[in-house]
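Read from first to last, the chains carry the letters A, B, C, D, E and F; within each, the first residue is number 1.
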């Protein structure tokens, strides 16, 4: 099976982290190719970043079949970011967004989950994303560590300590599952579980097992209503990457790299 | 990996059908053991059946470790039936109910799903089950074919025709995914997809891939609040099966049967 | 009028307390017979207890007509416990659950009520019960004193003091009615009203006046949909009490005791 | 026990009908005094009528202690009309509105109730009333017979026939209880139950048994927040009846009439 | 354009304050006539005041065409008070209530607004008003300064200081817009914006721009359902002001005063 | 006052229609400059179009200050399209989206509004947009005429006839206001009002009066939480129009054209 993962931002190191987390979660035999968009913000922290990112990721998905060959499903790796419905319109394969993936699995192992994210300004996007997926009802809280996305990687100890506080507070307030509210933080999971005493869900891993499951069951996006294929029409300057003369960066599976 | 599937009723032929569907969905290397409860209704069609079934299935799960040895996760196969939260209290391994499993996958491939079930009297139970899981928001309708559960198997042609009507009506009214609202009907899926033009989700298969995913990601039930282990106390006459002198029937994987 | 009260657990002393509270609330001329189930947990504190209890109480109700003769309505006395819908399917007389009864009366005398219960692990069950009855909207909070059910009776002073804290906090936070979130605590009412300055509702008394009212108005359960009578079918080992050779304990009204 | 019933309109014949229904529902020993407001619309059919009626009924309640002596509870008889919260502020005794009373009892005997009222223009008021009481969730529909209130009494056969249509349609669409959406129609109940096959709830009777129950349990309105007594202040021209030189009409219980 | 503003209470000084705020907000060329009702409470602080006020304001609107000549729209100035739907039934011109007006504009400039009002006892009325308008979803909190309405004007410094506390707390808790929860406080706006760092919306100004907008776009109340004109019928003693021999006080625009 | 209107698509004729509608609605003295984005779809009909459009419109707004000079507020003219929250982050002036604008005014003149849009595939976007603004509660239905956006202009008679059907059906089903669910259709309003007998709201006009109102009241976007200004960071290839060497088309007010 071949899964395509898209990073929501243009920081290649984060794409690599996400791809690594995805490969750890995947069943043997599943290959993960990752894409860094050709344009867009270096990190997504708010509405403007998210809407630019959505277009840039959709651009990468538009050009992906040519760039990476056939794939069986897509994992959209950007926590709380926009665009998943358009990817479902665009592609014949299933599309799983890490925000909803994390919530789906959290609902299976707890009564109320809390999301701990980077900056509090992203909480409204996460809320809208979960609401749009019909998964907000048992989301108990969306809290933030107030560290910028690009700082999360810099000092793992500080990052882990920063997440422990809101996570423990959320558990004390009633949550029995914590969702990591940003991508590329899978490495934090074990330590945070020890710190706060409840299971911690990483969206990338969650999305990989859900995408594999959909493929294995031959479940595809329903086309009867809002997810019908896009209508043919003039979309001036689209895909933007062609006009920019710059392509999405393809992060191939290790086996292909030599 | 070893998954334990519980049938909600005491009809062994239905347990076999469910186990077969589960085995079809499972990854190579996953074994499925199924249990028919030692007591309870021959089919679940309403509140009384459901509450008797919940206790009987929990009885089977209480005695399962001794009867079947270690297992990695549980699939509770009864559409709209009660008991999943207690199974989560009771067991150290993840528990996936087919009602919620079907809804989780349906939400990944459509905007609104409809459930088509056997008898309309079970619709309120399905609604309560989905509401309890926080998954009701995008459930567009719960319709019924008005055939009793035990009649579903009898004549596949009549059954398929019976499901096609409500399924097509639900699609016309706005659903883009259909959920099969009863267990053991996986064989209907392909035909119904052709009939109504949208993807059809079978809960047993859905639960198997979700259970496998949770196990692979080492996600377990959160114990911080409502899913804490049951308190030690006198539970008179429990498990009932011991008092009845009758055990759950163990349906072992084919490899073990010879 | 003859009301049948069922205790959710097998502790006969609690059944006696509940029956006493019911008799205090009843109109002269109303007799209360109470039942202690033949099997099940000695107290209900969580999902497993609740589902075992539901089946055990339904068992007691199945055999009740023979054991106690005709009755006009049923009061199900277990706060937040399962089973009321099945009792409605099963019986021709009205069925009133104390959880919903307390909420109904609380809504008539305040804008927002708070429930104070024994253990916090039971809060999710109470929430589900109120949501299922359509009565959650104006429930302001469900708090716990964190005393086990069987300890509540032991030391009335400690129990009263334990309830006063959460009750006063709930009033300060916006509630104007307190609901006692467990059965058999009616004796606490007067003292707690003095402590927290708002009316306190006991579910058993509430259920008695509602059951009497339904009977007086000749209102019975509607059979058109989900509360249709159970279908005739094989329910193996049911009722369990027959198989166990043990009957529900009948607590007759004082007049019958000599 | 002495209950005070207020008619929402100034048609004395309707007050008499309501009082008769209340007396039929009351326990022996309960006396019902009814009031026709001194001013206001002859029937309530919309927002303007309802707000005039609310003030006129509150006027009658302000002057009631002097006019009728002490009473133990109030039944406000106007389906979907305004004012109940102010009556709770004003009076030391419990106040039960027939709209909410009917919904409370309907929720105890069915899964979903439908209201059948006089004119469709009153449906939004009924919806707001039920929403305000936290009782809208399981209200399945509010339908109308499109007969003016004052015509309902004129021809019982035509009225019964008019209600049968929407009631049967509501049952077919999923309701299992019908609520009579206007006061003074209790006489319709038996016939409509036969016509549509589900229980039918009349708000006046429902309110009487609830008011009796609250009194018997010594439950009074909670004063901690929104239902605190009205602040002392100048209310110019209030009560209006004094300024008009006209009093509410007192409809005493039959025993007092001679 | 000629707008008619109604004060909800009988304190003429407050009517003058409201009219001044309205005139400040109005486009050049818009004239504001204000009305003090002929009867009712000197301030509205709770359910009883609100229902008396609703009838008194509707009385003033019934007699307004004769008293003030033609007008193009109505601004109902009473925060959280009742009556707007009846005004829509009664009048051919658009009716804008300041509670909903403030919420409409707040929703355009923030994600979550908080209301800061006079007394906490009025919070339930404000909540009901916003819920009735379909605008409660993004109302984050309704807090109170616990100063009586008539004290708000007395000492501007104390009033401003009193509002700053709850406003700042609401912002810290997640609100990004503050709504002034009482009429006639427009003077507070600038100072409170400086104090709490977010925009502050005054309902009177908001209602004026909305009323002007509706008039300019020739949008009138829809009559197809609940806002159909009141039915002709006997409304005894209505309008009350006629019976009282007392008229609403007309506060004419400055140009008309000489 | 100077308002900037952005068309969501790249069809300049539609920008001209929208600008004309805006100029008709504006107060004398208000100038409208309109922008056609430099890139993006020629019409927005689904999720992909909407996310491309959001980025293209945000691009136009990023470069607008330089292209058109200072402006006082923005009207985003695309019914159900994405991006408004990012525009609020980006700009210091108020931003009004026509979807929410139409709903705001509709709520002031009716109890329930219905949206009639072009293609049914856009209904989920409109629903998400209204839900995100907290305005979905009283949206009664979102129906479609099933004509592509670019066909709407072609034959005014056919278009008007196409809208009349769903509009009349929505009124019959309970709506008392119709919202035109696409931009540039203001010309339809009068005719449709005659056809369906209820007021019809055009989003462009609604947004203009709301934007003018916000400016007049000096109300700006609250920055305390999710609408804080975007963080400074590398956004590769942004704005795209610069990289494409193509600018948004500026449609100046008539007075400037000579």
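Everything that follows uses one rule, which is that contacts are C-beta pairs under 8 Å (C-beta built on N, C-alpha and C of every residue); 3 or more make two chains touch, one makes a residue touch a chain.
All values reported here derive from a predicted model rather than from experimental measurement.
Listed here as common contacts of chain B and chain F: A.
Repeating the D-E interface with over half of its contact pairs identical by residue number, the matching pair from B-C, E-F or A-B is B-C.
In this assembly, the chain whose C-alpha centre lies farthest from chain E is B. Centre-to-centre separation between chain A and chain F, using Cα means, comes to 30 Å.
Averaged Cα coordinates give chain B a centre that lies 55 Å from the centre of chain E. The residues of chain D that reach two or more other chains are 85, 88, 111, 124, 225-227, listed in rising order. Chain-to-chain contact here is organised cyclically: the chains close a single ring, every chain touching exactly two others. Beginning with chain E and continuing to chain F, the ring of touching chains reads E, F, A, B, C, D.
On chain A, the positions that touch chain F within their shared complex are 10, 38-43, 45-52, 54-56, 58, 82-83, 85-86, 88-90, 120-121, 123-125, 128, 131-132, 148, 225-228, 230-231, 233-238, 240, 243-244, 246.
Contacts from chain E toward chain F in the complex involve residues 25, 27, 85, 88, 94, 96, 100, 104-105, 107-112, 133-138, 171, 174-177, 197-199, 201-202, 205-206, 209-210, 212-214, 216-217, 219-227.
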